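Think of it as A, B and C in the order they're written, each chain with its own count starting at 1.
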Amino acid sequence: MSTTTPGMAERAAEAAARATPNVISRRVRGLSDRAIAWLFISPTIVLLLAINIFPLIWTIQLSFTNYRANRPNAEVVGVGLRNYERLLTDTDVWLAMQATASFVFWSILLQTVIGFALAYLIDRKFRGHAFWTTVILIPMMLSPAVVGNFWRFLYQPQIGLFNYIVSFFTGVEPNSFEMLGSVNLAPWSIVIVDTWMWTPYVMLICLAGLRSIPDYIYEAAEVDRASPWRQFWSITVPMALPFIMLAVLFRGIENFKMFDMVNLLTGGGPGSITEVASITLKRQAFEAWRTGPSSAFAIILFVAVFGLANIYVKALNRVKQR
Amino acid sequence: MSGLNTAHSVVEPGIWSKRIAGTLVVVYALITMIPLIWIFTTSLKSPPDSISYPPKIVFTPTVEGYCNLFTTRSRQTQEYIESLGAPDNVCDEIARDRSMVVVGPSKYWPRFVNSLVIAFGSTFLAVFLGTLAAYGFSRFKVPLADDLLFFILSTRMMPPIAVAIPIYLMYRELGLSDTELGMILLYTAVNVSLAVWLLKGFIDEIPREYEEAALIDGYTRLQAFFKVVLPQATTGIAATAIFCLIFAWNEYAFAVLLTSGTAQTAPPFIPTIIGEGGMDWPAVGAGTTIFLVPILVFTILLRKHLLRGITFGAVRK
Amino acid sequence: MQRLNKIALGVSAAALVSAASMSGAKADELTLCWAAWDPANALVELSKDFEAQSGTKMNFEFVPWPNFADRMLNELNSGGKLCDLLIGDSQWIGGSAENGYYVKLNDFFDKEGISMNDFAPATVYAYSTWPKGTENYWALPAMGDANGWFYRKDWFEDPAIMADYKTKTGADLAPPKTWDELKQIAEFFQGREVNGQTVYGAAIFTERASEGITMGATSAMYPYGFKYENTPGKYDMEGAVNSADSVAGLEMYKAIYNCCTPPGYTDSYMGEGLDAFKSGQVAMMMNWFAFMPGMAKDEKVGPVTGFFVNPGQKVAASTLGGQGISVVANTDNMEGALNYIKWFAQPDVQKKWWSLGGYACHNAVLNDPGFKDSQPFAAQFLEAMGGVQDFWQEPAYAQLLQSMQKRLHDYVVADQGTAQEAMDKLIVDWTEIFEDEGKL
């Protein structure tokens, strides 16, 4: 932090002793604290109310109607809980949720394992690690939509690079399998791309976690003659665990919402195998224009994620207390 | 031996440990780079080369991809082409070799400019409002502050498509569909919650004593904010700006649903660059490469702040 | 409820609106929106005459097919002012008419003496009228189109290949007249070495996102006897959509997909088909007649390409494509837009349209004795248009199409269930949609 003159520090101490911390109504020259507080906070609150909260309430209200956005002149009828009923009993909706859950699970698993491993290796601080860290970060900076689009090119069996590289390493004929069109491999195609893109993100968080572990703990373990293996499992992993869990939380939420990349990579196909929840939602809301039912679906998704995130955060806080 | 610069395991990792780690990381980095290098090289291939099978590793580079990206062309008869004068530039020359004539500029550049305006505009606004609000939450007692903040952050848990439904209707009523202002407002609103959250963490770290001292010295609260707090918060602001920019720059769902012509940004546009049959992969590669450049530059310039930003976000929760 | 919301919005957003409003009036300019494909380029060429004649500057907004419907329907729904004229797909007529997005052209036609009798009846029915078959016109037939086939004439006429085919199947190698023959030919070519390259049988439509696989599969299903309703207008789909004939047609389409398509051909539509055919990967390609002029003119592939009509089976049928040109109700230049329509409807403009590569629907062009010989695909076009069938044109068309896309792709590409199950589920979907619409 920047340096201060000794005099200033003294005076600061005096002031701290004299003044109470959060005094709103203390008048100083110029605008009062209260005025500043409101001046600073209100634009943000207004913006959030207008673009986050008000639409959320509108969505909730729409979810109880049969409104269709492409029929502005049609009569709008309240239908109570019918939209919710239909959605929760629709097999296709459950299939979409399943596809989403499977995608989230596998991509997070891979990203976490590889991301943590990378962070651990980078923490060895070999020569040039800063440069290579920056290189690894590049996939994260791309637009998921653009990534989905050009990975589609890479996955083509005849003209794309992926099959030929696999063929090079395993001897399998490049034309004999296709990632995007096959029922078994399509889900893996999106997991691979997501891992490619976001492992750097998990790596950064884990790196922050690893760097936060103080040296003296390791020194103490050394003194106790703990082996590196034991040190890893009893010091490194537990102390980095809150960070790892945090990375999992963030990536989990993001992957649950995932639309861009999957839409451009597989379009939800083949059939509906990779149709994740967002794609179903988009088709219902903006292609079929069933605004009422899709609002209900949006609320269901929101409640699901919110609920799961809450449970997870409580678990995370408990881990942190340890 | 722990000195000031050692790593965080107890003894400095041995030479071999470092070498192995280094090799593994470099291998990973190179593998990760292959798709990007491939896209870049595709941008330098001619369209037939780009869809040849097996894929060509060795090829003659050409700027046809970039030309196709920036121009629109139409197919003409040989006689018509011969009747024209000399080609104006290299793109015209390439087009004529394919029996086509350059008709005008493509829509890519306007889309790119839209991206610049909307992304940087909303980032600036989000960071500006976010800093102010974060300061407010940090220094003053706001009723229900924690709950409010968490609830606002939780709206980021909705899929963008879900958020887009009412926004679409709202913008339709307000005439904000397909306007740059509409998109800037939307991205700002989405980003500001994260900005407030991150910046509050940073500002909380700045000791209040500095402001108190300044106030004692006779500065107003506002002046104290600008002269004392802001300079200290630069790292936090930079880190927040990077995150906001990356989101706004790369955003696709809102852009594709809420814009069509005037305010359309580059991400919805790039996957629609079609050649004479299927996609024009060299042009797509060119578009992707060019689109990556600003964000790459911005992130490299501010890379030190990126790590701090992630750290603070992590620790805060 | 909606009104209250609107009032609240209006009051709170007055400042925003004034800041965001843009002037849309263009002095004498028109923007015409269409899909980005060969005929669009031809239209640009053709419109130069209009520009010269009227002094109106023509701007064009062309969107590639996979995004065209999404983008344009979005534009119409959000009250956009991008397009003055829109050459929209025939299936959009129901929705656009009922929601007031298109201008009803009857009065204008009467005033200008444009008679719908001058246009081929099938095109008027399909591209202009809503409700179907009534005399309410919402578009001028602009581009006649149907699903047809391209094939490698040079391979079909190669003596060695012909002899081999005769030995293997006992029949002569010629453009197929039935789907059984098509499958036989496709199987023959699948995996064969021709000129040192492995080639494949057929490139068919399998696209999931917009309408690809529906257009492709119906090309197989119509000839087998697939119908949408037993009685037109009654929405009685049971026994029509899932009849044994329909199922047989769908199974044939899947069989061809399984046996005879190039690798990775799981999400392919017009562009991919053209690429596959031009690069010499396939012996036959399913695609719209709209691409035939471009293919015939191509220096490399033109001389070796032949065309045949969609094969029949029990009936002769082709999937209808094509569009009519409409005036967008929201336009700022109504007069200019109507002027364009008036100009476009003239017989000599229509003749020039055909010569440039657009499929004119005017009788002066189609009934001309020299028409059949004017292009190598002209006769096939007439034959196809004589037996076209179209998808639902209901206002709920987008939803109906989406269901069919899903059920077809699930079955054909993703191997889920049987053809009968797919059709049964489709009826369930469609019934729900029609019930929501109040039609059932």
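Heads up, the rule we're going with is that a residue touches a chain if its C-beta (ideal position, glycine included) is under 8 Å from a C-beta of that chain, and two chains touch if they have at least 3 such contacts.
None of these values were measured; they are calculated from a predicted model.
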>> On the document's contact criterion, could you list the chains that touch chain A and likewise touch chain C?
In response: B
> Where is the C-beta contact count highest, in terms of which two chains?
Replying inline: A-B
> So, what's the distance in Å between the C-alpha centres of chain C and chain A?
Replying inline: 40
>> For chain B versus chain C, what separation do you get between their C-alpha means, in angstrom?
In response: 37
>> Using Cα averages as centroids, what's the distance between chain A and chain B in whole Å?
In response: 16
> Going by the touch rule set out above, which residues of chain A reach two or more other chains?
Replying inline: 50, 58, 69, 158, 286
>> Quick check on chain C: which residues sit in contact with 2+ other chains?
In response: 74, 77
>> For chain B, give me the residues that contact two or more of the other chains.
In response: 51, 168, 170, 257, 279
> Considering the complex alone, what residue numbers of chain C touch chain A?
Replying inline: 1-2, 5, 12, 70, 73-74, 77, 95, 98-100, 208-209, 262-267, 281, 395, 398-399, 402, 406, 409-411, 413-416, 436
>> Applying the document's contact rule, which stretches of chain A touch chain C when the two form their complex?
In response: 50, 58, 61, 65-67, 69-73, 76, 156-158, 175, 178, 180-183, 266-273, 283, 286-290
> Once bound in the complex, which stretches of chain C touch chain B?
Replying inline: 6, 9-10, 13, 16-17, 19-22, 36, 41, 44-45, 61, 63-64, 66-67, 71, 74-75, 77-80, 82, 271-275, 278-279, 294, 299
> Tell me, which parts of chain B touch chain C in their complex?
Replying inline: 51, 74-75, 99, 168, 170-179, 181-182, 257, 260-262, 272, 274-279
> What residues of chain A sit close enough to touch chain B in their complex?
Replying inline: 1-2, 4, 8-9, 11-16, 19, 21-22, 24, 28-31, 33-34, 36-41, 43-45, 47-48, 50-56, 58-59, 62, 69, 114, 118, 121-129, 132, 134-146, 149-151, 153-154, 158-161, 164-165, 174, 196, 204-205, 207-213, 215, 218-219, 221-222, 228, 231, 242-243, 246, 253, 256-257, 259-260, 264, 277-278, 281-282, 285-286, 291, 294-295, 297-299, 301-302, 305-306, 309, 313, 316
